[in-house]
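One chain, chain A, links the two complexes that follow: it is found with chain B in the first and with chain C in the second.
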Partner chain A sequence: MTAVQTVESESSTFEEEPLGSSRAERLSALAQQHGALVTLVVAVIAASLSFDTFLTVDNLSNMAVSSAFLAVVALGMTFVIITGGIDLSVGSLFALGGVLAAWGSQYGTLVALLLPLAVCGLIGLVNGLLIARARLAPFIVTLASLLAARGILLAVTNEGATTYLVDEKSFFARLGQDKILGIGVPVWITVALFVLGAVVLRRTRFGQYVYAVGGNEDAAALMGVPVARTKTSVYALSGLCAGLAGALNAAWLVSGVTILGSGMELEAISAVVIGGTLLSGGFGFISGSLVGVLLLKVIQNVINQIGSLDSAYQQVVSGAFLAVVVIAQTWLGRRRRML
Partner chain B sequence: MTDLALRREPLDRARLLTLLQEYGVYAGVAVLILANIALTPHFLSTENFRTQAVQVAPVLIVALGMALAIGSEGVDLSVGSVMALSTSLVSLYLGYGVWIALIVAVIGGAVIGVANGSLIAFIGVQPIVATLALMVAGRGIALVLLPQLKDIRDPAMASLGSGALFGIPYLVLIAAGLALAVGFTVRRTTFGRQLLAIGDSRPAAQLAGLPVRRVLILVYVVSGVLAAVAGVLASARLQASDPTSLGTLMELSAITAVVVGGTPLSGGRVRIGGTVAGAVLIQLLTATLIKHDLPPSWTQIAQAVVIVLAVYAARERGKR
Partner chain C sequence: MPSVLTVSGLTKVFPGARALDGVDFAAESGEVHALIGENGAGKSTLIKVLTGVYRPDEGEVTYRGKPVRFATPLDAQHAGISTIYQEVNLVPLLSVARNLFLGREPRNRLGLIDFRRMHREAEEALRALGVRVDVGRPLRSLGIGAQQMVALARAVSVDARVVIMDEPTSSLEPREVQTLFGVIRMLRGRGIAVIYVSHRLDELYEICDAVTVLRDGKVVHTGRIAGLDRLRLVSLMLGREMSEVRSEGVTKFTGAHGTGDEPVLQATGLTVRHTLHDVSLSIRPGEVVGLGGLLGSGRSETAKAIAGALPPDAGRVVVAGAAVRTGSTPAAIRAGISLLPEDRKAEGIVPGLSVRENIALAALPGLSRFGLVDEKRIDRIVETFMKRLRIKASGPHQKVGELSGGNQQKVLLARWLAMQPKVLLLDEPTRGIDVGAKAEVQSLIDELAEDGLGVLLISSDPEELVEGSDRVVVLKDGAVVAELTGDGVTEGALLRAIASKGGDDD
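The block that comes next holds the complex of A and B.
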């Protein structure tokens, strides 16, 4: 893993030491991988000592469900970022997925699930084709599809005036609201998806392609990795994840709220980066993103519990936290020369 | 004759493509203006021109700073939050006098710029992440300072927002002046040259002994200051400070204007004239669609298509 991690696309990396040679290096790799987890544990302990209400069943299950939607989005984002790309369209796709699911729920659960997956997956596929085949910059392409998806959302909802409701007794609504063993169905689905995602990334050929493309695209192409197909797939996957998260969220809220999802791309990127995945690509892991999401949600929760603090502090803390993590990562992973 | 024409054809096609890349944005603006003259009633009124120009001014000012950031092979996502911060600061310090308020707002923008630039230049964080962190934190700070919308009741701010000199609104004059200043800086000053060299190849600029870190920090300070100015002007025009919504998605509009104007995302080139035209193009496109009763949904989809087409057209030049 250290080998992949040190491959940097922009600067020369010839003065590499053999991997894992020194203890310091191994320590820094450990900190990079598990720093977020340690921080999460510390944050949870601190929060439960400071607030009696933190470790209650209600609070925890609320946090779990509200983390679930962001986590599904972050799952797709992790694949994209490991290939060295970025997907800014997920917030819009999340909202669009929710609206389409709520509209489709009148025709049954199958439509409510498949319609957002199809539309958001298609938009993700178009993103991927523009990035991989036409070789356009990921952030500008997904910025454009952020706008386009929002436009489609407005077109579907009569310029945002119509809010589609989900029948509370339908199976689709129960998918969002029922609990199994005291834990919400969306949480179970999220856990299952993360296990699946981790297996795909670690144990399949596609997963290895994802790392190879992010490590060094040219080298991957020379080794016979289908670079364009891999890149196209990760954006389609990210679109699917965002659409599914939106659909589950609509089932939970029993309506397709049109104003959701703005800024969600930033939260998802923050979670992935906090989880230890490098934005330069080639290095990262699924479990880290889950830890990143939980950490963000714990911070939010704590700030909400401090009644006197305005929720604006949440953004200040999240932003500062992201900056600190990125600084730490850059220092830890500094084997490339700084320019 | 025919022989000559045949032989020149392939060359013409390549030249046509280059011409389209170089001047496509101006052609687009011209086409939109002509189409509007033909189709939109009352398009050719001074009043309409004034409205369009006033609306484009803040976007253009932000886009100027964005053009510099993109030219240095970076990007500044924090501009919208800087606008929010500056509107909060203006309304907080207005009690001490307009000039103090304006200076504090601009300093706020510069501080965010220094933070962005330091993360990028000293720590080596990618611009997109560094400015993302300040985008999130910046709006948070703005909201901590001023939790909700507040009216601005100040005669000086009011005249800044709606006043005019020789019939040209102050906002437009300021935007035009800043565009000229930034254009001059890029073309004629050492800073401009160094910025382009860094955008072209940072290692090469480093080896050539250019003050890479100082220039990069200055780029983001300029971007922050320009965004703060845009925030002040927008608050003056709206007669209110609204840190919740002012400047949201501004980074998107600014990047669009820069990219549509033909500045490649790969750095090393800045086209200020193109950026001005890009901002005008987007404004005219939106205004035209709205005038003809197309809903906002279609406006956004149209903008998305324009962005993708512009980047696609610029693709070959960017590769090199």
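The block that comes next holds the complex of A and C.
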């Protein structure tokens, strides 16, 4: 390449051309990115002022551990949703992963971890291949594997009659039960996975591809992005995350519970969207999904604290909250496009 | 001079069409080569073959002295052939810098993206093109012109030897066009071959060294652009040699129509950013007004703006003395404006539905009472139009997808006539239909005008336009450059108006 030559034409340089006020744009971008975090802080403050039992070590660490499993599922889901896809199979894979881990734990910790990862990762990979190569709709493909994974689960457990237990003294059980610095091991693992996920998404080429595919698939293909490989990878990743979350959950419960995980896919999607990731793809971030998960769990916790309120209302509040977030996002998105 | 990219005997056949037919073409290093031709001439197919989107059926592409066959756009890019497309093909939600470096981000020792370096290099690359923007901002916050420059920066920063530009100026302001030309000159100075596709004659003469004209998949002319007469260039594109131009041709149009005095349609000052500039025209009842110009001159856009399908930034549309709300198709249809769109497959017929259903589709709201459809009235209307337009189908229940192109066009025409319009806008009504059907559609247009309809006829075929119209309004770069009336409606006058320089009338 020759040295940088400059176009010599003073009248014809492009100065920054802000379309409308860039301050208003930044504000709405800020609201989109950190709205969930602000809401979370407000909710936590309100809850701790209202209930003495909220801000206790026991309550918080319980909440943290129970958030951890959903958070790991939501982590994989974030990648999928940023590419503009959806993964409905994660709830089933979560349950399947738990049962496989509990069954496998009799052969040692390694089997207990690798078996669910292999099976759930493989199902995720098949999802991805069907979506990326055969160009089927993500909704249908992952709905099919939701049903298929449930079927495998029932087959493995004799229609749910058999519950595999994890030996409480095994190393695998300790992965779920032990605490380091007063915080449960699953929480540490989750935090580590989120840091890793954020680095992958923001600082690696693969992460850029994920955004590009979701932002404009055709343009990404023309720019040389391996679109099919990227899409396949995110579904495989989502399957791996769901399987791992299921395994950790089994270690925590010291058994593989078959009835878990139904509806979890929707919870994970809600958490991701509440965290600021656009359901239409191309925009989103890992940390937001973590905030989304915590927010959902705080809402659940608060409603449990209000003893008089039926826990069924939990779903109503979560649902209403999700609706508000989506409406706000759409509105902000439209505003930003108009600015 | 060395040819960096040559093609010889290139042929690409699609079902029903020979998109490229033995095309020879050569791009030289340090030269800007214009590639021009009307719709369907084969330009985009040629570009897609060069960039690895299509594979040719016959012929050879030679790049830097070796025969090549690119399997994907990425292959072509890696080899050094970059393309910027008419529509900005970047990811709007990603930042400017990320768009610039997608797939080749600078990385540190850990394999992670080095953002500081990426931003610095992005700024440098853009500054070299005279663009100063915050590269951390999302691409979509930039104006279209600046986005186009980012696409260009991406194209040239991959060490390209050939840069293909497909109508790069179609969404740029004049000032931005000059910046782009500065960049093109710089590329030429570096010894890069630029292949430049545009329909703006003034631009071609300003920036290009050589020109290749395609028509119907064949090369009809190639050579230096300097010294090539503008009128000759237009004749080559439209396929009408000046010597061939006759006053009376072979179309089915009869002479002038008796026309009323009061215009049935009056459009004034239609303006759409980057597309139309102050376009005015009027049509009297029983009159066929032709709308001429090259591809991209704003013909279809004018029709769409009148029909409410393209909201204008300024301008008025008046039908029979009453103003019509612009930018609303229902309002336009209620006022009596019907548009037969250019692309009947994408914008017109529903192939899976029957002839009857296709005809009744738009008229349904008027044919139903309390939400219930009046079947008998529909049958009557469908029968009338099938007879009147001589639609050849096994019956009203045959699927439209099974009919010939000409009959599909007639079904569409019937649909709009069933709405009892006052003004009919026909965008390329005879394109892609066989000769016999063409003649029938042409005589139908005549009949409709005789029945008192105001007709706007858009056609790329100068002969059809001149013989079919009572008056011809000529567009160039989105503005009216001439209006041919009376004895002035000749092919020669039409071609001269299209070839005229700048905004000047001839």
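Basically, the second predicted complex is superposed on the first by the 313 of 339 C-alpha atoms of A that agree within 3 Å, B and C clash if a C-alpha of one lies under 4 Å from a C-alpha of the other, contacts with A are read in each partner's own complex, and residues count from 1 in each chain.
Assume a residue touches a chain if its C-beta (ideal position, glycine included) is under 8 Å from a C-beta of that chain, and two chains touch if they have at least 3 such contacts.
Given the structure is predicted, the values throughout are model-derived calculations rather than measurements.
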| query | For A:148, is the partner it touches chain B (first), chain C (second), both, or none of the two (neither)? | reply | first
| Touching partner for A:306 - first (chain B), second (chain C), both, neither | neither
| Thinking of the overlay built on chain A, is A:225 touched by chain B (first), by chain C (second), by both, or by neither? | second
| query | Just chain B (first), just chain C (second), both, or neither: which does A:30 touch? | reply | neither
| Looking at the overlay, what does A:208 touch: chain B (first), chain C (second), both, or neither? | second
| message | For A:315, using the defined touch cut-off, is the partner it touches chain B, chain C, both, or neither? Pick first, second, both or neither. | response | first
| Overlap of chain C and chain B interfaces on chain A (superposed complexes) | 11-12, 339
| query | Where on chain A is chain B touching in the complex? | reply | 11-12, 86, 130, 134-137, 139-141, 143-148, 150-155, 159, 262, 266, 269-270, 273, 279-280, 310, 312-320, 322-323, 326-327, 330-331, 334, 336, 338-339
| remark: Contacts from chain C onto chain A in the complex sit at residues 72-74, 77-78, 83, 85, 89-94, 98, 102-103, 105, 107, 111-113, 115, 124, 127-134, 140-143, 145-146, 149, 154, 159, 175-176, 178-179, 182-183, 186, 189-190
| Parts of chain B lying in touch with chain A, wherever the complex brings them together | 75, 119, 122-126, 128-130, 132-144, 147, 202-203, 206, 212, 248, 252, 255-256, 259, 265, 295-301, 303-305, 307-308, 311-312, 315, 319
| field | chain C partner contacts - residues on chain A that touch it in the complex | value | 1-2, 4-9, 11-19, 22, 25, 199, 202-205, 208-209, 211-212, 214-216, 218-225, 282-283, 337, 339
